[in-house]
């Protein structure tokens, strides 16, 4: 039993990482009706950006450490958001009118460019990078169940992010416009909503959430590598699909399910740990076969 | 055609025909010569002129449509001659490269990529299914024939047959699991399959794990082994020449089959599915059948190429069948031109040769592919050779029938 | 094949009744989620008829077509075509039984040529297999040649110009030509029942007149073809249909001749503000 | 037809073609001042293990630079570095490319065993001497009877024998759990370790394969914790091992000994694992002191990347070839014969290199190391 609870905790952490990535996918899909396959790469780019910023700030030796960490996170998140909007400008906007296939391919290609770009241009980017930030190592245990400070912090941070996100979407004017656009693009356009602006803001928003996900990932696992975005993207997208593409709460549920499936596979299936992704994907394929609209997604009636 | 009996007409046609032949010979020799020199290029040297000049000439000629049209006309009028002449030139390649097996190796890889890309083109180009699992199809073929050859001592020829069957079944499996998923969902499922395939062959015992399968036997015909050097007219060709001719034959046959499929109802149905599934259904087209066919036939091409690859390299490991390879194949099809067989051929040759030539820049190979995809999508979404309208003039139907 | 045989049997067995009613709809309804789109539609088409289907926007006309062609499945009721139950069949199977349609916002195979579009329409008569396509060159080409000749004949029904444009991408055709090609494609499957969904949408008055001529021409060439026509242009309805059905809010409110319809109080109310 | 010939542009085309032809046929040789002898080098310069490949390449380059500077050779020696991207097919292509170049007299190659397994046939076919400084799979040298192929580092079996001597026989840890990555390297490690451990009377409580790139070991470690082993064996590479060790600390498993072989031998391990690395025991490649000639020279040469564990081996591999060049001259066959000679011996950075009849080094320079204060320190009793 203790083992199960411990596994649930580790699965939950993994699940939150997936959920954060999946939320970006869902947000982008909801508003733009496109899948940004490079989204997970943007997330891990966030981690790399924060590493670069941190190196830069520590070199200046002007700020105290806690301020360096604070600035690092703020800058990294903003820079990643800007990179997200640049991607939108170059690789999504020109193809908005083309068939979905084109955007799909172009974003996959962007993913490649980001990944390989980090590998080539980041100093010795090919090897795994030790992430300089990490949570304090406090922990308390109750009858074998260990709960660490990092676990609690991750849950709190994820909660704050989702709270802020829902506040932004539900309470602000831009949030209202985003919701309108996700309901019906044409109608939104008729109502005088500046689509370009909305798309840009959405990309910025999704990328910033992604950056936080990337940084949390780095802090929790202590390592980032240029090609983590590949698997992260596929699993993140799977989680979004499972939850119902376009629904952020669905993305959370999907992410948590996949995280727990993976950690349980590693622990309880004999010799199963190399196959953990396979189990996750089997869950996804089953979902696509029997409930293509996902857990919380609405069934789309195709207009003929 | 209308008035064939006058003598002057006859001689005029003869001259015209000779003109066509000359043009065909000249253009094909130029292309061939460029290709050969590009292959043997070492770094940046004077031979680059050879590319710059004809390419400039080509762009200048663009302004003189008459010449272009005449060249096009001669190729379409004397279609079979132009194909036969090209084949003759291709047969000649091993003699040119007999001291340099590496270049021959590149040519073989061109052929294999071409066959594989033709298979992908059926799915991506004709049917509009963005398949990210094509490396897995390739891998299934390679693993099937390799495992049969190593464990059960199947001959290469039986192995390739088995590879075709198994990869077709694999294609059907993936096809039937993805029937309901379109667009992004299809892409996702195929990505998942690609990764599942890689994880499976990487971890299962019988596939040799990540160590792969080594010492895959060479194909033999009777007592003649493909690993011995080929002797034609007293000229000793390196052992790669055997594979070269094998791959050439199969690639040509694949091109022929792809062309037949394209020009038949099967190809039309695939296009209909790509354009509009609902309209296709309402015309009585079975979308599911079409998709399954595309999956299976595409997989056959991939599996066939994979089987040859396994026996040629004589070693396979999961590393050769990753997501990256799938993206390279997609890049080939997009660069060449979706649903255009000539385009795919050009794309395959270019994207095999160029990365070999920029090996010193090898670290950026995947970056290069990514940039190519984006650049092509932005600047030339149709690819190098755009998709063409099917013309059925060769069928000689009556146009005025009412 | 068995379906075809069954159909023949039906014809033999009790031909008279079914000869009268080629399409019969019984209490068909559909709702999307909570929204009732169509409710309790009863309806029939007799052999050789052209029926107009009118009604204000959102009254469920196109949904009705989607039901007949199997794109949506009805939540209640039954549909019979040629005496055979077609409820629950897939669009593809329904087309095989002889129903073809056009779409409100033209749905052609955009990047294919006119000829290819019509060739694809012919699909239900052509048995094809990938194996024959690959290896049976002579057979494929013979079949293709026959099909092309038939397509040209079809295109010629409309105009000679369409034949000249047969190697053009349909994307590049004029709006009227697109509609024509779509009708051609539907006709190519040699249907018993043709469903035309606003064929005059996006056409100017002259083109609309031409369209009416075209429909008449088709009717002359193929006398046993039945047509259901959704239209907003009352001239077309008046000029080419024998009977009019009126939908409003997903309910059938009228069934009769056009003259009667134009005097019916309920119909006028439904169209309040619109000319009739 | 006629109008075509009237066009000036046609003349331009013909002219350009003729020019191209002429240019191509004329032998425009920009003569080389000095004869060049090339030594091939193939390693992963890209991909997951690029760091190691680059370290080895730098070291090889250093050796070549020193040779050229020494003035002992009448010709210039060049290092031709090719990338195999850890991919066998790419490796074969690179090998073919080098073998086809008649100036290449010998090749140093391959960190990844799968690639090495794939290319040995090529080198054999062309009769080019291949010296492997770093691959580890026993079959590379022992699988075929190719005299062209030789390896100057210890193979996997030797490493495990060496390590198990200490941890099982001397320190007396009998209850083990094994975590290994499912690459061919990890798989081999696990198999060899298991075999040797059982020969010496140890028990393996659990075996867990993980894929390369795994970053969360907590599920497995949670499970292993329940089994209460005395020690954990890790068959894999640095990054995963370091993460595993780090997470062991988080789960309060500091009392369990962590043991690995040469795959872990990189300072990256200590960097990632941080203070938690303390006490890890590994069988390492030879440890060079900061004051050794090689390290000094490497630093002086100003390479930005560390030389990694394989650097000295690559340096020595080049050294062997240079030695052969001095003795028998730049001839492929003569070099092969020179290295395959049973009396062949070479004293280099890694100490004495002596090859058995398979071309496998019998010495190989192994050292036991333990992590102390964020550094690998040679084990002392």
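We call the chains A, B, C and D, going by the order they appear; numbering starts again at 1 in every chain.
To be clear about the criterion, a contact is a pair of C-beta atoms (placed from the backbone, for glycine too) under 8 Å apart; a residue touches a chain by one contact, two chains touch by 3 or more.
Treat the numbers as computed from the prediction; the structure is a model and nothing was measured.
Compare each chain's C-alpha centroid with the centroid of every protein C-alpha atom shown, and the nearest one belongs to B.
Each chain gets a centre from the mean of its Cα atoms; the one farthest from the centre of chain A is C. One finds 70 Å separating the Cα centroids of chain C and chain D.
For the pair chain A and chain D, the distance between mean C-alpha positions equals 36 Å.
Centroids of chain A and chain C (each the mean of its C-alpha atoms) stand 47 Å apart.
Chain contacts: chain D has residues 46, 50, 182, 209, 211 touching two or more partner chains. Across the assembly, chain C contributes 71, 103, 107 as residues in contact with two or more other chains. Contacts with at least two other chains are made by residues 199, 202-203, 278, 363 of chain B.
Chain C makes touch with chain B in their complex at residues 69-71, 90-92, 95-96, 100-101, 103, 107-113, 115-116, 119-121, 123-124, 126, 128-130, 132-135, 137, 140-141, 143-145, 148-149, 152-153, 156, 163, 167-169, 185-186, 189. Residues of chain D that touch chain B in their complex: 1, 3-4, 7, 9-10, 12-13, 16-17, 19-20, 23-24, 28, 45-46, 50, 82-83, 85-89, 92-94, 96-97, 99-100, 113-114, 117-118, 121, 125, 137, 139, 143, 182-184, 187-188, 209, 211. Touching chain C in their complex are the following residues of chain B: 257, 260-261, 263-269, 271-272, 275-276, 278-287, 293, 297, 387, 389-392, 395-399, 401-402. Considering their complex, residues 29, 35, 37, 90-91, 94-95, 98, 100-102, 104-106, 108-113, 115-117, 119-120, 126, 230-231, 234, 237-238, 241, 245, 274-275, 277-278, 281, 284-285, 288-289, 292, 302, 304 of chain A touch chain B. Those residues of chain D lying in contact with chain A across their complex are 46-48, 50-51, 182, 207-211, 213-216, 218-220, 222-223, 226, 239, 243, 246, 250-252, 268, 271-272, 305.
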